[in-house]
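Each of the next two complexes has subunit A plus one more chain, namely subunit B in the first and subunit C in the second.
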Partner chain A sequence: MLETGLILRALARNKIGALLIALQIALTMTIMVNAIFMIQDRQQQMQRKSGLDEKNSFYLTNTVFGQDYNIQAHLQTDLHTIRNTPGVVDAIQINAIPLSSSGWSMALQHEPGEDKDAVGTAIYMVDDHAINSMGLTLVAGANFQPEDVELRKEGQSTWPAKTIITQAFAENLYPDNWQSAVGKTVYISQTQPIQIIGIVAALQAPWNGWNGVERSMLVPFQRESKGSYYFIRTEAGRRDELMPIIEKTLAESDKKRIIRRVTTIEDTRERSYRQHNATNKILTTVVITLTLITGFGIVGLAIFSINRRTKQIGTRRALGATKGQIMRYFMMENFIISTFGIIIGCFGAVALNMWLVNTFNLSPISFQLVAFGVITLFIVGQLAVLYPARKAAMIAPATATRTI
Partner chain B sequence: MFSYYLRLAWISILRHWGLSLLMICAIGLGIGAAMTTITVNYLMSANPIPEKSAQLYYVQLDSWDVNDPFDDGLNPPDQLTYTDSTNLMLAKQAFRQNVQTQAFGVIEPEDPEMLPLIVNGRANSADFFPMFNVPFIYGSGWSNKSDESKEFVVVLSKATNDKLFGGADSVGKSIKLEGNMLRVVGVIDNWQPKPRFYDITTGAFNDSEDVFVPFHLIADEKISRSGNTNCWKPSGDGFQAFLASECIWTQFWVELKTEQDKADYQQFLNAYVQEQKQFGRFQRPLDNRLSHVMQWLESQEVVADDAQMMMAMSLMFLLVCLLNTVGLLLAKFLGKAPEIGLRQALGASKRTLFSQYIIESACIGILGGLLGLTLAFIGLKSVESLYGDYMKGLASLDTNMAISAVVLALVSTILAGLYPTWRACNIQPAQQLKSQ
Partner chain C sequence: MLIMKNINKIFQTADIQTHALRDFCLQVNEGDFVSVTGPSGSGKTTFLNIAGLLETFSNGEFLLDGEDVGKLNDNGRSRMRNEKIGFIFQGFNLIPDLNLYDNVDVPLRYRGFNAKERKFRIEQNLERVGLASRMKHLPSQLSGGQQQRVAIARALATDPRFLLADEPTGNLDSEMAQSVMSLLEDINQQGTTIIMVTHDAQLAQRAKRTIQVKDGKVSELENISRQHNQAIA
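So, the complex of A and B:
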């Protein structure tokens, strides 16, 4: 186009001004692309399913302090009471709560021995009611039978003979065919054999930041311990009504223990991802403010450059340039500056991402995201310059004849 | 002259109020964002015990699996086995030494009307209190002698003492913790090191404990422990087997007065590990470390990745805001070319012009700084409410930070104003006058 040469010559006379806008666009692009990338990364993490019936489940802690307390007998009474409360689907004693950030982990290996490779997993000690209580889906094999459930003494080092694992864990152990895991014997605690009898679709570990968060195993243990959790699932919509009832029933049935932290799984999830949520909100604010600042900066500078060039614009109009041509001039000018800035911005975005990858173990950004940044900034630039350009187009040709 | 320039600047700011507002907002937002994240980082990386942080050392010994080293062999394990910390404790080779773990339990108040209390505890040695300069309102910590004779004593936090004894001097009274009668020997004043350096394995920014009890209560199974346990070798059944196992769950601190003491202690540790190698333990190459408080906090990466990332982002954000300001100032000053030309023709020197425009930039800088300070304050409040407990006490603006915010704004705006001012001073008066 003819005008391009004209614009470039005009820009060359005000290099610094143009360069400043270009740099600003470049930095905005760098930050925007990486911030959106981090937001998406966190959102994906938050969308992973825990495997639980989150809406209708809650848990509480049971802390025994009385001396000479028959933990085992009380456990059975408690479970019986909770399970028979109207509205309760099922309940179990468990050693850790998914997403709660504290729990137990062990490793499983294909062959026994000290120097063999092992895969880490979260351990949930539960009984045969676990699948029903947690709302898990059994996708292969079978559930535990009541006779599989053993009593675990404090400090016991041996493990039960059977386990149920998650599908993700089965895929990790048997990459060729995860379903073949059913019936296989693997080794826990380096040397103890344990047989996989079932596979559940999903059940997350307690630690959401762990890269093995989808790997969990259930073992049929009831613990003889002074501190434990009860995990309770209710009929749809009855959770909030049942929480205080069960807390009260348990607390009043026995004064030698404390019932605390009656918490819904939804709250646990919220707390677990609170940092993610907070960071995302802050990053979103940063991206929006940054875009606004850059946009307004472009508006301010364009208005100024138009004010300075009022006479020239008037002259051009007097010489026959249409309003459309004047507008196009400024839109084109912005387009050229933006292109320059965006090209630098692409490099900047990738460079910042590389630094983030190296320093904080983030994954590399996708091409689509960079493309998105490019398009957004072109649009922002054009929108920002629209108002000043219209103002320029309104300058009357007669201005050319006047002095300031 | 200064006040005259100030007035001129004010008039100029008001005349182009839209542009000035845009610049003030840009600087304000940039400073606000930068100060918010800098404050969080600053508080996260603060020295929690500046008076003696270089004399307190955290001990690490590489007792881990030879086939599968801890942390891929980069760092030795972050805690010690019970066996090792008891041995080091008995050796008494440091000026002060402290073995500790996290504990929990239930206190049953004497008053039957009061509900039992679940408390977070710390089981530690007598040296814990003098070592970490723990402040007391009543009494003091227990003595090394009391540790040796395994006395049942306890130190309460102020909050626990308030709950149990209504804040009165409870020294000499007893409390029932997990069925054990423990004699109160001291009550700690408000004490909340940030980061909670003495135990970062259970959360560097957690609250300090409700009660402090002697470590022997753990070994004798009087009180249950909590905190992290990490094992690489299966152990046998029962608690005694657990104590004798290769599981790591204790933390060990020493106080060493001089560099020489530190060198001696390092030598002692190496000799200890060599000796243990004869029993088939410590099969990894010798890697025993003594890290002083700040080294330890740094190696454990106490400052959250998120906080560092945010700081990098916000500094770039500030840069964008400054570029914006440079552009706008340039436009504004060049827009005044006719005025500048006139003033020069009437005899104004470059120097006077320079000071006039720099003062104008500085005014915008100060206004931006004040706005930034307000935004940083709001920013920190929202960081605190968004992150909840995690950021508690880590998001407050102190005077130092407030002053730095305004200074940062001022300096960066003056820097941003330099180039536009220089351009403005170099305007040719003749040309400007001609065109009029």
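So, the complex of A and C:
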């Protein structure tokens, strides 16, 4: 028979130790649930698709140092060379790399004018090979035509007439019907009209921490710049083999520039989320450590209280308690303390989450996560008390008649 | 009825064997009040522990109410302690965190009585020892004599066949000791068999039977009833 009432009344007269453990459980619950929540949030961020064919893509930088260098002519030669290398699917010149944390941004607005609402976006300057080179999926409208592509001079402030945007960006601009974005004219640089001719499923911006990371636009520009990126997509499984080949070909074809930073998109992603990964590892360690400390705290308190009550336990055995009943007593006592701590912990977890939501603009915690915290801490509590409870059950009934 | 035949209890340490009880034989009949005396280390507490099923014995035969105790497992012994034996300890052994009501409740919960039955038994037995009005008090708020009365109420609450008392007056002054002793006599007269270990020769004489344990054996058996003693006096 459960002794809940007796345990509660005995606990009420010995509050401090139990209260401290309950608070420790509450604190663990608060931190554990929110830490796991933050870990999950980061994991979700890391799992977002960049839109690129990441496995088979890489990029490199092309830095020109030669004088009187015909950038435009060399660019066409380079692209021709790369695109015709066996194993290469396609290649482009681009101004920024998704997830690389450095890039360009602009804003688009429905109405021209200085004080009109505008939506920020990452901007990628590419040619008509972009969709094929990056492995993007066109979900509405059309791709650029070769004649759409303009040469962009250093410092030029005018924009091409056409753009392709991501679906997330279209949803932002036209919440009611994102597909209706195709054919619409919006304004860039506050006053310059630009027509949306196509929508791609996804293409992330260079900044993973930006809340508009899914908003990107492509403009048909080839830059006449001394520093640019070449983005190359290979046939499946041939990326690693082609990286040094293309690097070597380009480097040897022209001695007035340097080919550097030949990097896979997978590496870029890894680097982009390195801090996320590190933070997650730290948070995981904190959660595990905290849970262990709480577990040890429970073991410590239980052993202390059992040592203090050796004679009492012997007396209970003498009065007819079985070993099982003694074990159940301590398991139940822990269950009551845990329940108390977990209830406080639930409030604490939700309160801390509300603060995080308000301060860092995170989404609210899920019921499942709180339930996970509750179940985990009950299990930890019961496991922690198992050894002390067994120890208590082993106390001999004859202890009752010992005069110490 | 309690029957012990050639009970031996040997404590074995790494290199020493101690015979706490040696071919110990005893029969205690229904309604007896037996006092057990003997010098320190004679084996009285070991006898009481074995009689109360708090300890196992090395060999011999022990029948309690016709049941062969040697064949019981740990749970069986717990059950038998709860159903047939009431304990009174020298140090009272009340649970300090529980009030008198809850203290008496402890063995009743192990028995599995329902709340109504438990309440009835707790109140009845606290009434019997004269402490019904203080059932919400903690043990620490009572005198030693009163605490021992609570322990007696706790022991009686399960309606045991045997009441085993280990120096029940050892921690009490003589006035309180007399009053506790009188209570035990009343209980015995109402039919409960009592086995009491004591150092106090005077108190021992108030039992119906006195046995002496020496070197782990019953060295002397006096079958003199108290009434008989009183008649002589």
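What we mean here is this: the second predicted complex is superposed on the first by the 390 of 404 C-alpha atoms of A that agree within 3 Å, B and C clash if a C-alpha of one lies under 4 Å from a C-alpha of the other, contacts with A are read in each partner's own complex, and residues count from 1 in each chain.
Criterion: contacts are C-beta pairs under 8 Å (C-beta built on N, C-alpha and C of every residue); 3 or more make two chains touch, one makes a residue touch a chain.
Worth saying up front: this structure is predicted, and the values here are computed from it rather than measured.
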Subunit B versus subunit C as contact partner of A:E235, first or second or both or neither: neither
Touched partner set for A:V286, first subunit B, second subunit C, both or neither: first
Touched partner set for A:S305, first subunit B, second subunit C, both or neither: first
First (subunit B), second (subunit C), both or neither touched by A:L319: second
Partner contacting more residues of subunit A (subunit B vs subunit C): B
Subunit B and subunit C footprints on subunit A, overlapping residues: 403
Contacting residues of subunit B [partner subunit A, same complex]: 18-19, 22, 25-26, 29, 33, 65, 67-68, 104-106, 108, 115-116, 118, 178-179, 224, 233-239, 241-242, 305-306, 308-310, 313-314, 316-317, 319-321, 323-324, 326-328, 330-332, 334-335, 338, 383, 386-388, 390, 419, 423, 436
Interface residues, subunit C side, partner subunit A - complex: 45, 48-49, 52-55, 74-75, 77-79, 81-83, 87, 89-91, 93, 95-99, 102, 105-107, 109-112, 138, 154, 158, 166
Subunit C partner contacts - residues on subunit A that touch it in the complex: 1, 3, 5-6, 9-10, 13-14, 311-312, 315-325, 396-398, 400-401, 403
In the complex with subunit B, residue positions of subunit A that touch it: 16-17, 20-21, 23-24, 27-28, 30-31, 34-35, 38, 63, 65, 67, 114-115, 153-158, 189-192, 226-227, 258, 260, 271, 274-275, 277-279, 281-283, 286, 289-290, 293-294, 296-297, 300-301, 304-305, 307-308, 356, 359-360, 403-404
